């Protein structure tokens, strides 16, 4: 297909979303805008917010106050209030279904994610969103991983599918809360994947330039969130230092040793203490400290090795400084592999696409994704899945202040993914036997 | 004198202030209430907010947004708006002058401090403010060092002086921002101490029980604030860990080594990293971290030794992790000693007081106080000064969540301090020769 | 071939060597015994000690006193004094050449290593060398990596080659100082590899059980030694702690942060502070500390990344504690890959061997080896090389106190390696074109 | 008295001892030389080695091999073999008794210590022992705390007493193993102090210049030795890092946190990790590490606070890294105070001495001393004691490589101490009532 006619609308949508990054489960404005677009397309079925989710399976949901604050922001920004009302309480995301109109056939699906990150965006004049006037309006938050482009690609694919005729049906899933590994389980367990024969997920960038497509990404790292709260005891830092039980000292000891957990000969591991705080005032021995971090592994076993060692480090650091500590393991994502069948369709679609210069059959992600939950669900039930990389020139790395998407790659994504989905539908793939 | 008739009013005032703790330079409600009380007493001169301060000498003033937020809170709590308007912009505190009415004579003065601390108050049922229904209304802030009682003592002394006749005049100084070493210089350089012949400052507790008085505290530690901001670089913690420059790792290394700075054979030193934070999200290598802390020493030289070593630790930790760091040295307070002349008057007043069981001539503070600025100013100009300890049973240590004041000690403070001030006035002490 | 007749002699030799482990460049007794065995076989050429080495290319040679001490021990243990005299000064190792006697042909070669490790051997009754009475005589030193078996395999292969007829010639290289990455370059640059068309190197164990053979090991980690010496200043720990510059505190800070160097997304890295010491007496602030360690990487670039970060960590830790530090990068080994041609011959020999149950074409080493120097030399000059794994049940891991070799695997090694070498010789492989 | 005639002999003896520093319980050569000197003086009673000690009360005795090695060194250096035989097994030191010859009277005593330190002496040309040719012959060991001068002073005082007539008797105690807090208890519990009415102990230097005398030093820090041995598990650092349990990482974590133990508001504390080692080879995950250190406190309670915190730090660091640890608390010394009575005699003797320019009644030691054991023993039984400081210009601090004694101060020590002892004897002090 040719997505050229969609260009202006998709770029405009992407920029609008880029200006309004919302963190996990707070994608109120984002969801409302997506729903508006899907309603305008006239998709055959549209599940909004709680209808799309297994509510109880949501992970990493922020507290009520945070949710309420972002809902209010979305209202102030001008999102449709009727839609917002359906999303309240951290029920974001949507699923659109398009009937192919050409008789029975398989169910094919695309999953995109839509959340932003809690990090400040660059104010550098060289940064394209600054130049283009669409830098984040929400100071301290940013679309630093391209999910704004993913949402636009999802809308583009939904439109392409709506305009096509094919056997069976297609779904486009707009998943919330990827960055917190929060949304994957809620979609996976919603039941809406249970009839899916072939699932594609997509990510832009990943250090591939515009014009490059990876037909099936592998090498997902399993990941688990990790939170530790140290409880010590305050004391006057000048007058009675010995009466304190120093939670910040415990935390610092833990952090030093977390990064020092032994590497493993079975494969890659990762650890990060990404968000930390402690103490209350310069002249009070800190009575409390908190670390939010994560561990990863090339396999689930490697992730668990790192997580178990992390627990030991953290609890010993607390004991060392006479503190108590609560450790919570938050959301987890497994590792995943792309299947050959959908990989082949994507590869073929990419090779036949004029915007694409290079097609890689596979590449290693080296990161984690809660798309793994969705892929595993589909694969467990006999379907097939692939995680597709759509290259985009990005000046800064993922999750950095100068990350940006090269907008022409949005059309690459729409065309290649729509063609691959339609190819599978038209061939009436029988996933069960193909796996 | 007998302060029994003041009891209900002072306890009630102390509890009201305890419910509304305000941090340094944000004592809007507190100042407004103090001013109302002083106006009711009809003191001879009343300097409010900026009139009492050398504005430019204020240290550790919070940002405009914080100041505005606390001003708004004070309005909402029902403080007199006319008074609040005079305080806006972080100009809190007041000085009352009472003319003795018995001809010329020396100027004697009492200084009390009035700020609260940024720490959460205990919710334990055993905690008297919980039982009495006057626990902090400002969650996360607390009168954990007894400055609520100090303010009440100040009002009680002002009333006692107003009801007395004596040669010369007396001042009662309600100083803001002690906890941040922020207010001392602003009062010291205001000019309002320049005619003071004898200054008393007061602190309740200090591990002395109700019924014990320390006539002249010594052993103040010199102190300096310390702030360090580490700048690193974010990166995807799973995908590109090597591209980050980890500011939290630098901070943890610094904290570990700050507490490990070598003890000094010349005397006591202290260091604390009391308020720390870093990073942005669990899956991003932290690009920023911040430490607010302090160093102390039994002498200014010992404080400087510790501060210089701290600078070296912090800057090396930054270099180690390829980060930049900015180090700021904030407010400083010198050390100080109580003079024998006022110590004697306090001792005599305490020994003659039925509420007092034990009088200690001196004791070591082991902490810091920006009262040192005021004492030094008076002493430098030929006056005398003493720092008086008024014992109070306190269940938790100073700066802890269960700190509380045993209210009968408020009357001890009023009576002993008023009697000592009146004693010096009536004896027409000639401070210059007495030092 | 059938090595059964060699069995008693080789097991006996291996145990004798096991009892006399000698560290890198101190393999005096070991070399003397090997030379005696080779002389008894009547090989065609025998290069001993300095004759086999590029003397100047030796790395990690210990100091004269250590060399002299081990030479003396070898004398006391009863080694041939004439041979020892030729080895003095750390010139150990030997190369035997066997002419095939069947006309011109290629030169094939086997390399084995012969050094022990500076670690204490288990005294557990379950430990076979304890039971068998051949536990290390040199307390604190141990054959914990199977080089005793390697030497025995080398002798067995030399004997098998001596008894065979084949085109060309064969060499057996007994390389010293593998554990210190010290001997590889000295052999590689000796000129004695320059006519070698096909080189095999061998290692027992590597977590493969007896009966398993890996035809060509890959995935060598590049490695570099790292030494850091911190210079501080002593002081009386009680009387003048502030006058010290604490080298042990600097070292501890460095160690903590060395292990915390960020993992790299391009592949595996390793770091170890394996031998550390500091200070002089409990009551003196430590004025000196020393770390001997190593860094590794899946590629040379990854090793260098880790090494550069290590340098920064170490020098910043010194600065932090006001110490000086000298950093030395010792011996380095590159990474290496096994070629398919020799891999095929080994695989075929193994598959045809009754003692072998399983043949793996390849496996990842996950460690480092200075065999890489020899392999690279041969490969650079148009030859081929493979690193062969001969499985052996080993109760403890490599380098642990309970490591031991399952002796039947020695015969597996002799037979498979001899057959593979003879196969290549008989086929008159033309390495140049085969690569 | 005038010690000028003793000068050459005492300087010569001091230099001889300086050349042969011996660590705690290995003072074989030193004791033999002292005994020779005392025999030459013809003292009335001479207790040698085990006769002077409560053998079982010795603390910190090195292992047999070390003792044997130093005994052998002493033989090689030419010490009297008959005397050496009496000292074997770590029974060093001596006590000389001189009868006053003037009828009954009190028993007065002087205690000096005689051991050296395990630290290398400066090779700087400016260092007087280098210039004078009496730098340490025992590389790695040094008289860095002046005990060589103490021994010379002891001999000088013994000679002075021998030449005098006085009521009662006098003892000169040459105590071994002061640096390890090893000898004090063995002398204290030997019974030889039980008749002592007045004890003086002496130390040169302590930052006082030649010509200055401190009549009675106070402010001894209580001290306790601390040893920790971490047991982990080795593993191949490249091949199986995750299988190790890293004892060096545990040790580094412990060291970082030991120095970070909170300071105490009750007074000074100290901690030092003065002698550490771990691991075995660069490429093996360290399976063992050892720390020898000490804790001190201005009171025994403060020492114990620090020691208890240290235990918690060490055991938690072991747990953190999956290691076991054994913690041993070695020798301990209490704190002590000088009595006024002997202080007065020393002060008077010093004031009457031409070599003395300044007499300080008291000063704070800020260190520890196992003289405290002896002083306490005497004081507990109704006697009196004082610790006397004899100033000496010392270019480097105590325990540093450039420490040296200004030799004229030896005569100051002899004269002041002999005069004070004789003064007390002649006044027939009645210690019991005088205390």
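Should a chain be cited, it is by its letter among A, B, C and D, assigned in written order, with residues numbered from 1 in that chain.
Heads up, the rule we're going with is that a contact is a pair of C-beta atoms (placed from the backbone, for glycine too) under 8 Å apart; a residue touches a chain by one contact, two chains touch by 3 or more.
All figures in this text were calculated on a predicted structure; none of them were measured in a lab.
Engineer: Weigh A-B against A-D on C-beta contact pairs and write down the one with more.
Structural biologist: Pair with the higher count of C-beta contacts: A-B.
Engineer: Looking at C-alpha means, what's the farthest chain from subunit B?
Structural biologist: Farthest from subunit B by mean C-alpha position: C.
Engineer: Distance between subunit A and subunit D based on Cα centroids, please, to the nearest Å.
Structural biologist: 67
Engineer: Indicate the whole-number Å distance between the mean C-alpha point of subunit A and the mean C-alpha point of subunit B.
Structural biologist: Chain centres of subunit A and subunit B, defined by C-alpha means, are spaced 48 Å apart.
Engineer: Could you list which residues of subunit B touch at least two other chains?
Structural biologist: 239-241, 246, 249, 253, 256-257, 259-260, 262-263, 265, 270, 285, 366
Engineer: Using the touch rule from the top, collect the residues of subunit C that touch subunit B in their complex.
Structural biologist: Against subunit B, the touching part of subunit C is residues 239-242, 244, 246, 249, 253, 256-257, 260, 262-266, 285, 305, 312-313, 316-317, 319-322.
Engineer: Could you pull out which subunit A residues touch subunit C in their complex?
Structural biologist: 256-257, 259-260, 262-263, 265, 268-270, 366
Engineer: Once bound in the complex, which stretches of subunit A touch subunit B?
Structural biologist: Within the complex, subunit A contacts subunit B at residues 117-120, 179-180, 206, 221, 223, 225-226, 233-241, 243, 246, 248-249, 251-253, 255-256, 259, 270, 272-287, 289, 292-294, 296, 365-368, 397-401.
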